[in-house]
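Before anything else, here's the structure in question.
Order of writing sets the chain letters: A, B, C and D. Residues in each chain are counted from 1.
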Amino acid sequence: MASKRAASPAPPASPSFSEVVEAEGHLIDSQILNVVFDTVVRRGAAFEVLKFSIGRSNDEPSFISMRISSATEQGLVEVLEELVALGCRLAEPQDATLKSADRDGCVPDDFYSTTNHRTLVRHRGHWTQVERQRMDAVIVLDQGRAVCRKLRDVRTGDQVVCGVAGVRVIPEFQERDRRGFAFMTNEISSERRVEVGVERIAAMIRELKASGGRIAVVAGPVVVHTGGSTHFQELIRSGFVDVLLAGNALAVHDVEQALFGTSLGVDLDTGKSIEGGHRNHMRAINAVCRAGGLREAVEQGVLKSGVMYECIRHGVDYVLAGSIRDDGPLPDTIMDLRAAQDRYASAVEGVGLVLALSTMLHGIGVGNMLPSWVKMVCVDINPAVVTKLADRGSSQTIGVVTDVGLFLHRLAQRLRD
Amino acid sequence: MASKRAASPAPPASPSFSEVVEAEGHLIDSQILNVVFDTVVRRGAAFEVLKFSIGRSNDEPSFISMRISSATEQGLVEVLEELVALGCRLAEPQDATLKSADRDGCVPDDFYSTTNHRTLVRHRGHWTQVERQRMDAVIVLDQGRAVCRKLRDVRTGDQVVCGVAGVRVIPEFQERDRRGFAFMTNEISSERRVEVGVERIAAMIRELKASGGRIAVVAGPVVVHTGGSTHFQELIRSGFVDVLLAGNALAVHDVEQALFGTSLGVDLDTGKSIEGGHRNHMRAINAVCRAGGLREAVEQGVLKSGVMYECIRHGVDYVLAGSIRDDGPLPDTIMDLRAAQDRYASAVEGVGLVLALSTMLHGIGVGNMLPSWVKMVCVDINPAVVTKLADRGSSQTIGVVTDVGLFLHRLAQRLRD
Amino acid sequence: MASKRAASPAPPASPSFSEVVEAEGHLIDSQILNVVFDTVVRRGAAFEVLKFSIGRSNDEPSFISMRISSATEQGLVEVLEELVALGCRLAEPQDATLKSADRDGCVPDDFYSTTNHRTLVRHRGHWTQVERQRMDAVIVLDQGRAVCRKLRDVRTGDQVVCGVAGVRVIPEFQERDRRGFAFMTNEISSERRVEVGVERIAAMIRELKASGGRIAVVAGPVVVHTGGSTHFQELIRSGFVDVLLAGNALAVHDVEQALFGTSLGVDLDTGKSIEGGHRNHMRAINAVCRAGGLREAVEQGVLKSGVMYECIRHGVDYVLAGSIRDDGPLPDTIMDLRAAQDRYASAVEGVGLVLALSTMLHGIGVGNMLPSWVKMVCVDINPAVVTKLADRGSSQTIGVVTDVGLFLHRLAQRLRD
Amino acid sequence: MASKRAASPAPPASPSFSEVVEAEGHLIDSQILNVVFDTVVRRGAAFEVLKFSIGRSNDEPSFISMRISSATEQGLVEVLEELVALGCRLAEPQDATLKSADRDGCVPDDFYSTTNHRTLVRHRGHWTQVERQRMDAVIVLDQGRAVCRKLRDVRTGDQVVCGVAGVRVIPEFQERDRRGFAFMTNEISSERRVEVGVERIAAMIRELKASGGRIAVVAGPVVVHTGGSTHFQELIRSGFVDVLLAGNALAVHDVEQALFGTSLGVDLDTGKSIEGGHRNHMRAINAVCRAGGLREAVEQGVLKSGVMYECIRHGVDYVLAGSIRDDGPLPDTIMDLRAAQDRYASAVEGVGLVLALSTMLHGIGVGNMLPSWVKMVCVDINPAVVTKLADRGSSQTIGVVTDVGLFLHRLAQRLRD
C-alpha cells in the first residue's frame, strides 16, 4: 500500500513512506480539513496538498487530494487509519483486506475498528454499505453483506475487514441551519435560552412522528424526583414515545410514587423529606415482585398510574437494564448485561431520534449503539454530563443544560399546542 | 466576669476559669444545643449542665443552664463569644461594656462583632433592641439607641460595645412547617421537585404582598440570557417587585436585548450565536450614554422595552452596583462601591423577602446586609452557588437549584393564576 | 401494641392511638432528638416528653422517654417505623414478630426494612445482633441467628421480621473529634483545605493497616485519565489496597494505557488528544480477549504494567462489574449483575475502610452494601457526586472534593513518608 | 463602499449589495474559513469564492478572495463588520473613516468596536498598529497614533474610527504544537491529566522569566481556603509573580490566616470549622485599618506572614479591587471601580502571562483588558468557571479544571526542581 519514496535530498529524519488520499464534501464547514491537518502534524507525519478545489458557494462541495508521508511504515499506517475514520480514502481504489477470525471473540491485530458514521466497504470491485452501523465494532463480510459486529459476537472463521484499504467513511456534515439546530450542537451551556431549544425539539418530534419516525427515550430516576413524571406520562399517552430505555431505578421510583406518593424519601406532592422513605422503596419492589412483574402488577390492578403503567397501557416497549447499585431488582430488569445491551440495541434500531433525560450511564450506553445520523437530545442540569454525552464521538448530540422536570413540563405544553 | 474556680482535685491541665450561661427556646429543634456542645469541645473547654428542662411538646420551649470552663481566661472569653453569638447569655445580667473608638474606622480589639440575628444590648439596666441589624458590624450606643454600624462608618469617640456582657442574641428558630418551607432549607439539590418549590414561593410572595410587605429582587444577567426576561417583566408589571438590585451587566444585556434582540452574542429569539455580538453590547452602552442614562433613554423613546424599562415605567426602584468586569459602565451604575453598598443597604431596609436570581456576587452582597428574619430565596442552576449563598451565615436562605429562565416562567404562571 | 387513649377533652382531630418509646445515648450531639421531633410533627403525630435526662458533660449519655400519639393506628405504625430506624425502641419489650415468606423473593407487606446501623432483634426474650448488616434488606431468623437477607434471596418459608416490635437500632454516633474526622463529614466543599484531609486519610489508612484491617478501593476510569494511575499502583505495591472494586472501563483504560500509552483518545504522557484513540481502546480489549483474560495476559507477558497488573502481581483481589455502557467486555468482567453484586458484597465483608475514587455508580453500589460503622472516603472533583454518595443514608461518608489524580499523588507521598 | 450589483437573472429576494473581501494566513488551521462561511450564511448573506490557494504544507499560508453579497446595504455592513473582526479585509484598500465624538463618553453610532486581536488602521495611506489593544473599546486617532480607548474615556472631539474601511484585524493563529499547548485550549475537562498541564505551565513560566517577561497572577480567596497560600507565597519569594491582582477578600482572608490561623471560619491547620470565624475576619480588618493599611501593618510588625506580606516584602505590585460583597474594606482596596479598572489595566500592560486562580469575577475583568497574544491560564475546580473564562472572546485561555490548592503545590514543586 505504501510506496517507498525515491531517494531524495531530504534530511536524514525525513519521511519516506507515503500514500495519496482524497476527500470531498463540505470539507471546510465540517472542519474536517482542519482535523486532518492536525492529525498529520500530531502524528509526526507530513502532508503535501496535490490538488484542492473549494466550493464556490455554500452548496458546492470541496475536493482535496494530498500526499501523506511518514518516516516509518507503521507511522504511515497509523495516520492513515485516523484519516480514513475522518472521511479520507486512499486515492487508488482497492478491495478491503479480509482476514479470518482465529478464535471466538477475537480478531486479527490490524482489524478495522468502526466509527458511527456511514461506512462503505469495497468487495470484489463493488462498494457495499455496512449494515447495523455503530462505533467500536468490527466489520464482517458475510455472504456478500458487510455488517458491524461487536467483538464479543465474532466467531471463529468470520471474515473480518483489516487495515483501511477498501474502506470509506462518510461523516455526517453538520448541516448549516437545517432544522436550525446547528446553534446548539456546540453550545453546551446553561446560559442559553432553553425555551428556544424546547420549541425546536418539539418541532423536531412532531416532524419525525408526522413522517412515521420512531422516538426512543432514555430516562433516569431524576425524571421522577424532579416532578417530570406527569409530563412524561402525557408524552407517552400522546404517542410521542415509541420505546423507553431505562434502568431498574426509574421503574422502582416510578412505582414507589404510584403506590406511596414518595420517591426515595421525598413526598412528591409536598416536597417534604420522608426519613423512612427507603422503606417505601423496598415495599414498591416487594409489591411488584409479588405480582410477578410490572405488566402483571398492572393487570392485577396493583399498579394504576405512572410512567411504567402508561407504557404498558399504551403498548410502549420498555427495556430495563440492571446496574451494580440496583435494589431488588424488579423481575422486569435484565441483570445479564450482555442480554440488556442486545435488547437496547435492537430497541433503538431504526429510531429517528433519541431523548436522553438525566441519565449519563444509560445515555452513554445508547450513544455507543447509535449510527451518527440519528440525532440525540441530551437534557441534564449538570453541564458536565451533557458535555460527556456530547463528547464520546457522538457528534450528533444536542445538549440542553436545564432542569429536566421543568423541561418536560414545557415540552408537553409545546406538544399539546 | 470569669470566676477563678476553687481548688479542685482535678488533673493538672484541668479548666480553671468558668462562667455560667443560659439559653432558652426551641433548643433541640434549632440544633443550638448540639452546636453549643460542639463549640465548647472544639475550643478545648468543658461544659457541665446545671439545669435542663425540655419542652414536653412541640410548642413548649426548653431551658438550659450550664457552667462553661476553660484552662485560660482568654480561652473562656473566646468560647463565650461564640456561645453568645449562638443565643446563650451570661446567667448573671450585666450592662454592656462600652469603649470609645479612638480613631475613625477602627474599634477597640475586643469589640463585639454582630451576627444577623435579632440582638439586645443591656444599658443602664435596660435591654434595648439593636437597630439596623446586620452581620459583621459593631454595635454603637448613640443617645440611648443601639445601632449596627459598619466598621468603616465608625467615628472617633463612638461608644462601641465590647465583649459579650450585656449582649443577648435571639436566633431565628427554623420553625417547623410554618409556610412549609422547612423542607427546602436543608435540601439544596437539583433532584427535588422544583414545581412544589415554585408553588410555595408564589404563595409566599402573594401572602407578603397581601400584608403590605416589600420584595427585593437581586438579579444577574443570566436572567436575560436564559430567556427569563419576559417573565421577570411580567412580575414587575404585576407589582411583585419593589426594588431591583443588580449590576451593570444585567442592565446592559437587557438594553442590548431591547435594542438589538441579542444578549452578548446570542440572538434570543432564535438562540443562534452572533459572532459580532459584543458590538451590540457596546452599542447598547453607547446609546444609553448618549441619552444620559436609563431613565433619560426611556423618556427620549430610545428604550422601549425590557426589565429596566418596566422598572422605570412602574416606579420600581433600582440600584446598579459596579464591578471590575463591567463594560461601560452605564451612567446609572454606581462605581463607587462604598456608595453602592450604602444604596443597596437602604434599598433592602424593611423588605420582607429577597429573591436572588442567578447572581452569586450580588446575592452574597445582599445576604451580608440582611437581618436573619428576612427570608431569601436563591435560584441558580449551579448547586455550588446555592450552597455558597445558603452557607455564609445566612441561615434564612431557601435554595432552589434549577434553570432560572424556566423558573421565572413557572413563577409568573403561578402568580397569574 | 398501640393503646387506645382514654377519652380526653381534646379537639376532634386529636390523636388517639399512642405508644411510649425510649432512646438513650448522645441524643443531642447526634441530632437524633431533633430528627425524632421533626419526624413526629411531619407525620402529623404528636409527642409528649415523659422523662428526659441530659448528659451533664460530653461523656455522659442522655435518656428520653416519650409518648407518641397519632389519630390513626396506621399513622402510629408509620411514625414508629421511622422512630425505630432512628434509634428509638418501644418502652415495653416484646419479641420480634415473625412471619413466613409465602413465595420466593417476596415478603409479607409489613416486613421490617433494614437500615445500615447495628441492629438487635429480640427472640424468645433474648436480644441477638443481626449479621451481615446492610440497608434495604429484610431480617430473617434462621436457627436462632438473625441475618440480613436481600429481598431476592428470600425463599418461601423464611421467617421474616415484621413490624417494629422487638427491633432495636443502634445508630453510629458521630463521635466528636475521634480521629478528627468530624470536620469533614458535614463539609462537602471544594474550598476546604484538601491537604489536611489527605493527611488524616493517610493516618487513618496507616492506623487501620497497623491493626490488621482491610481496605477496599472502588475506582472509576477517571483515576487513569487524570494520571492518578502511577500513584494508585504505588499504593497497591505498598500493600495499602486489599481489594479493588471497579467496572469494565477502569480495566480497559488501564490496559490501553499499559499497551499503547493512551486512555480513550488522550496520550497520557503528553496530554495530546489522539483522534483515533477508540481504536486503541478496542485493541486493548482484543488483546486481553485473545489472552483469555487479565491474569492470562499477565502470565503470557502481554500485560506488563498498570493497575490490573499490580493487582494480579501482588495478589490483590479484584471484582469488575459490568454496565450497560461497556465495550467488550473483558473476560474478567462479570456481566451477570446479580453475581457481580454478590461478589462485591463478599469482597467488602469485614473491610475497615472503603476509598471511593471518582465513581458514583460503583460508589453507590458499594455504599448500599456497607454497615454504617465502616468509614467510606469519597473523592471526586464534582461536589454533586460527593453529596450524592454522602446522602444515600451512608452517614459514614467522608467527602473530599478535589482532583483525584493530584489527590492520589499526595496520598502516595504521605504514605511513603 | 458597497457596489450595487448589475441586474442579474436572480430570484426577487436575491442579494444585491456586495463587496469583495480577502484573507490570508492559516485559514484552515485557525478555522477562520469555517467561521467566515458560517457568519455569511447566518446573516442571510451569500459568498462566492473568487480565488483560493491552499498552503501545500503546514508552514505555507492560504489565501482567499470572496465576494460577499446581501439583499440590503445594512445587511452587507453588518456582515462585513463581523468578517473584519474575524480577519478579513476589504479588497480595495481605503483609509479608515474618522468621525468626531460629539459628547464625552459617547461615539457616533457606526463606531468600530475592537476585538482583542492585533489591529491595524489605515490613515493617509499608511497602516498603523493600534496601541493598547483590548476588546470592546473604540479606536481613536490621536496625533497620528491609533489607540484603543474605553467608551467612558472618549472626549468630545476625539477622532473615532467608524465602519470597517481601513481596518485590518490579525487574529492569533492557534499555532499547532508550539509550546505544546494546543492540546489544552480546547480541552476543558477535569478528566485530562493535570500533571502534564502543570509541567507545561511551569516550563512556560520559566521560559517567560528567562526571557525577561512579566507574570501577573489574579487570585481569589479560595487560594487561601484550599491551603494553596503557602505554595503561592513560595512562588512570590522565588520571583515568579510580578503583579498580584485580587479583591478585598483575598487580602482579608490572607491577613486573617496570618493573624489568627483561620480563614472565614475554618482553622486552616486542622480543617476544623470555627463557628465564630467571622469575628476573626472582622478583627483582621480592624487590625489593618488600625495600622493604616497593609504596608503599614507589615512595617509596624503587625502582619508577619502571608501572601500580602510576601508581596510587600518582595516588592510585588498588588492591586485590590472592591466589590459589592466586601467586608471592611481594607484601606488598600480601591472602592472606586473606575480607578480600580484603570489600575488593573496598567498593571497588566506588557505582561507575558496571566495566571487566574479561582476567581471568575477578577479573571473576567482581567481577560477583558488583555490583547489576544497574552496567554492566560485559568485554574478552577468548577468547569463552568473555566469555560466562561475561556469563552468571552478570550481565545488565548488555557483552562485547567483542578483543585487550586493541590495545583499550586505541584506548580511550586515543579518550579523548585
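FYI, contacts are C-beta pairs under 8 Å (C-beta built on N, C-alpha and C of every residue); 3 or more make two chains touch, one makes a residue touch a chain.
Please read these numbers as outputs of a predicted model, since none were measured by experiment.
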Taking each chain's C-alpha mean as its centre, the one farthest from chain C: D
Between the pairs B-D and C-D, the one where more C-beta pairs touch: B-D
Centre-of-Cα separation between chain D and chain A, whole angstrom: 37
Inter-chain centre distance, chain B versus chain D - centres from mean C-alpha coordinates, in Å: 32
Length of the line joining the C-alpha centres of chain C and chain D, rounded to whole Å: 46
Contacts with 2+ other chains: residues of chain B: 38, 42, 190, 272, 382, 384
Contact set on chain B toward chain C in their complex: 28-29, 31, 33-34, 37-38, 40-42, 46-49, 52, 54-58, 64, 176-177, 189-190, 383-384, 387
Residue ranges of chain B in contact with chain D within the complex: 35, 38-39, 42, 78, 81-82, 85-86, 103, 105-107, 109, 111, 113, 115, 135-136, 151-152, 247, 272, 274-276, 278-279, 281-283, 285-287, 289-290, 321-329, 335-338, 340-341, 344, 361-362, 364-365, 368, 382, 384, 393
Footprint of chain B on chain A - complex, ascending: 180, 182-184, 187, 190-197, 200, 222, 225-227, 266, 268-273, 381-382, 401-403, 405-407, 409-410
